[in-house]
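These notes open a run of structures that come right after.
You will see subunit A twice below: alongside subunit B first, and alongside subunit C after that.
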Partner chain A sequence: MTWVAWRVQRSTILAAIAVVSVLALWLVATGLVMGHSQTWKYWTDADVYVLFALPGVLGLAIGAPLIAGESNLGTDRLATTQSVTRARWLTYKLLVGGFATAGIVLVLTLILRWWTGAVSVSALTQSGGFSGVRIQPDAFDLTGLVVVGYTLFAFFLGTALGTVIRKPGWAFSLGLPIFAAARIVVQDWLRPHLVAPAVYTNLMERASAAAMNSWMLNLALLPANRTSPPPGKTWAWWDWTKSYTTCTSQPNLTNAEDAHCAVLAHVHFVFQYQPESHYWALQGIETAIFLALALLLLGLTVIKVKRWRI
Partner chain B sequence: MTWVAWRVQRLQYLAATGAVLVIGLWLTLSGSNGNSAWSQASSRGDIIVLSALPGLLGLSLGASLVADEFRRGTNRLAWSQSISRTRWLASKLAVGAVVVGGLTALLVPLLGWWSGAVNSGLNVQPKLFDVTGVVVVGYALFAFTLGAALGAMIHRPGWAFAAGVPVFALARLLVGAVRSTLVSPVSLVEPFQGSEPNGWVLNFGYLPFGRTTPGAGRTWSTLSHQVLACFHRVSSAGEEHCALVAHLHWVWQYQPESHYWSLQWAETAIFLGAAIACMVATLVAVHRQQA
Partner chain C sequence: MNTLVPAVETMGLGKRYRRTWGLQDCSFALPQGRVAALVGPNGAGKSTLLRMLAGISTPSTGTINVLGLSPRTQNVEALSRMAYLDQDRPLYKDFRVEELLRFGRELNPRWDDARARRHFEELRIPLESRIGRLSGGQQAQVALTMCLAKRPELLLLDEPVAALDPLAREDLMQILLESVVDDGTTVLLSSHAVADLATVCDYVIILSSSRVQFSGELDHVLGVHRLIVGPAGTGSASLNGATIISSVPTGRTNTLLVRTEQPIIDPAWEVLEPTLEEIVLAYLRADASRAHAKGEPGRRRRRAIGSDISVVQ
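Let's turn to the complex of A and B:
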């Protein structure tokens, strides 16, 4: 059954390996160049969008034809009338597809880790000593475990949509916006708070070195006894008390006088950020979220396939 | 053949009409709320959805046009009739183009009213330019023919749609990048930096007297440091004095609102040309197919 499962998916998986190999070659080439010269520019090229899209496209491309391809061609009737039970058939197909996808992406992740490492070194040595590259949203998405999480989620999303839609092309097309929506929701709304952010307070609008070299989430001028906005207010609300604004609008203010104004007005600046040290915790939790979603979709796939009335 | 072309795709066309009715209803509701806080806040997301809509509509109708026939094998039936392949394809494309073009043309006045009611920007600015006026029809028709062409090559509607999305997005990005040059922009010259003119501002900066574009090897901002340096030296001098001393004047290069319709028609013409190219490609692919 393993051989059959492999043989059916062989062309898709080999095509995926070919595409990823080309990408890997490009990464290795640019990574070697970056390590030796001052090039932030590879980080901001359009190629990076390809890297963002890749886990989703890869997972969906292998997952969508898994079940839907068989329904589409009518070979599901052939498969379910063999001596192999439906459960075994499905299990082997999912295992072969899942392991192949995860394996391809794992290799790519290792190369991406090395590549963003080159960017980190470049940032540290050439761009004024910035050390918080990996925790920034862009780099976070491409290094570490989360890439495998995204890909497996996309893979099972493809299989689940395939059982419902039964045409691989449309399952893939529908899976793309769903995957994009899930990624955006988790990245923008959940990730900042998956691990309690660190807070730095100062009487002046100057962040500590740790806060500067991190993923800055929020900054506000808040009352002195608070490190988060009062109930009913957001971080966009700054506590511009009249005493503070009149005090700081004097010309030629020294740093000491500026800080004293803040003390008198009972306000301080609060920086909320995720430091680089939270990297692995955030990675682990976000991967867990996507793996949980993947398991949910796996369950849906299994239920749907078991209910086939061929 | 017209009846056949309609009948084969009837379900898709009716579904598209239904979708457009829903969009029209939503636009009416959203616009009649006027300047409520809710509509202002959500208008940015709405615009993103609305700018994707013509493309998605056109692609979904176009992808199944030819590809469905291939998938079901009914292309063999169609091509073994007395009608030639060219006429067959022409009828299918014509009926589809009329439906797609007609549906989006119906939305155009509604979109124009909605953008005035909900948004406070200018129509010539990129954000609103994409979702108002004739370009909407151009996008939809291009997406339709692109879907048909990809379907004729890929033979599977779902994958044709999936391939069409990035191609369409790329085409939109490329044309958007050259949009500012389709009609010559207007230059507003001032002694020093004043308030922004009403329109789509493309470039601004200090330029030497007598020029309205930067010289060779220079950008719009290369000369601004001269004024800044003067500022730092003599802080009491006004910006006007510094500019005068350096023989510079401030130039705004922009597309005024009056250019809106010429830009619209120019961009629509580009997309209609691309649509014709896609139709030719579909024709070639259909003829080359050994049924």
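Let's turn to the complex of A and C:
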């Protein structure tokens, strides 16, 4: 049965391995020469976009044809009239497809961990470009467990869509925007709050070294007794009291005078950020979120396949 | 197993598609060991019926018993004891014949690998060739062999010989009959090429307009139908209560196909024994003219039946 599941999916999986191998070679090449040439910076930016989409493309490419591909060729009528239950048939297909997807992406993740390290060292010496600080978006999404979570989510999204609409091409095309939407919603709205962020306060608009090397979420000028905006206000609200504005508007302001202005006006600068130390906690929770979504989609697939009729 | 259990038994079986019925009020019992022909025009519901029997389509109404099992609730047991050949003969085109054998072996506990290999040897189909590279006839043979190697008690074949040349048809039928005779397998095969079936079948189910028009042993079918020819205008009063299935005026004479248990003694009629093809044709024609008379089930349907009759002729 394992052999059957493998044989049916073989060409898709081998094609996926081929594409990922080419990409891996490219990453190794860019990683090795990064430090030496300023022009590579733009290539790194391009790589980051490709790598953002890759888990989705990979998972959907293997997941979408899992059931829909058989339906498309009519072979579901052959497979479902042999002497095995649908549940068994589906289980083996999902195991083979799922493990292949996870395996491919795991190897890719290991290469990416090395690559982000190699690229970030040189990126710091350049202006702009890919920072490579692993708690920050981009590097966070390319390293660690989340990549496996994203890819398995895309895989189960592909199988579920394929099972519902029975067209592998449509399932893939529809899956991509859904995948991107899920990624963006989680990254922009959920991830900042998955672990309570750290706060750094200063009388001047200058972050600590720790806050610099982390994922900066918010910065605001707040009343001295607060580390978050008052109720009903967002982080866009700054407490520009008149006394503070007048105090700091004088020319040739020294650091000490600047800080004194803040003390007089009873305000301070609050930096809200996710420190480097939250990396694994955030990775774990976000991976769990995507795996939970994958589990829901698996449930949908199981129900649809059990009721599968031609 | 209990030979008293019919191989297939349906009661009030129906399949409703969005607006129309694909099959309606279908009740029949097929005894074990028969080779039954399911005949009817395109769109009569043959494939719909076979798919429901195979468990890959769900009935809207009625019940099915296949070898005493319901294909829905006891799916696996029913599936391992029957084999189904879809009309499209789906196969994994990129598999080698050998790999398809392994597919069969791994998915079927009763798989008879030796038999399948013997068939391929007889058919000169090399085990290392790709399915997609084989001719249409060979692919049909491979698909049938996949069914036979399951050693089924019931074989459901949807248009197994359609789109094959006469020689390939004969080969396929021969392989089928050899295997069936050996095992006492019950076969239900659909076709609209009636001529091919008359020599191999001993049971007939005539399906048209989504309904079963007739079902019974071939001998019985031939025994109760008569083709009678008389001058045009001859009254039907002398027909001894026979049911007229169809009436075709041919110039000065009138040809009727009737169903009767009584002999027809009126000397005005010349009484002939019809062939299976003529009987099937009469039912299809009757159905077409009924559709004409009632103006339903719609112009498209009527045209479909009309065109099919000409194919059968």
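By our rule, the second predicted complex is superposed on the first by the 285 of 310 C-alpha atoms of A that agree within 3 Å, B and C clash if a C-alpha of one lies under 4 Å from a C-alpha of the other, contacts with A are read in each partner's own complex, and residues count from 1 in each chain.
Simple rule for what comes next: a contact is a pair of C-beta atoms (placed from the backbone, for glycine too) under 8 Å apart; a residue touches a chain by one contact, two chains touch by 3 or more.
Just so we're clear, the structure is a prediction, and the values are computed from it rather than from any experiment.
*Asks:* Following the superposition defined at the top, how do subunit B and subunit C come out on subunit A, clash or fit?
*Replies:* fit
*Asks:* For the three-chain arrangement built by superposition, which of subunit B and subunit C touches the greater number of subunit A residues?
*Replies:* Looking at subunit A, the partner in contact with more of its residues is C.
*Asks:* Given the touch rule stated above, what does A:L176 touch, subunit B (first), subunit C (second), both, or neither?
*Replies:* In the superposition, A:L176 contacts subunit B only.
*Asks:* Quick check for you: in the superposed arrangement, does A:V164 touch first (subunit B), second (subunit C), both or neither?
*Replies:* Neither subunit B nor subunit C is touched by A:V164.
*Asks:* So after the superposition, what angle do subunit B and subunit C open up at subunit A's Cα centre, nearest 10 degrees?
*Replies:* About 80 degrees, rounded to the nearest 10.
*Asks:* A:A15 contacts which: subunit B (first), subunit C (second), both, neither?
*Replies:* neither
*Asks:* Now for A:R309: first (subunit B), second (subunit C), both, or neither, which partner does it touch?
*Replies:* second
*Asks:* Return first, second, both or neither, reflecting whether A:R77 touches subunit B, subunit C, both chains, or no partner chain.
*Replies:* second
*Asks:* According to the stated criteria, A:L264 is in contact with first (subunit B), second (subunit C), both, or neither; which is it?
*Replies:* Neither partner.
*Asks:* After overlaying the two complexes, what is the shortest C-alpha distance between subunit B and subunit C, in Å?
*Replies:* 13
*Asks:* Quick one: which bits of subunit C touch subunit A in the complex? Just the residue numbers, please.
*Replies:* Answer in residue numbers: 51, 54-58, 75-76, 79-80, 83-84, 86, 88, 90-95, 99, 102-104, 106-110, 146, 150.
*Asks:* For subunit A, which residues count as touching subunit C in their complex?
*Replies:* For this pair, the touching residues of subunit A are 1, 3-4, 7-8, 11, 73-86, 308-310.
*Asks:* Within their complex, state which residues of subunit A touch subunit B.
*Replies:* 167-173, 176
*Asks:* Within their complex, state which residues of subunit B touch subunit A.
*Replies:* Within the complex, subunit B contacts subunit A at residues 156-162, 165.
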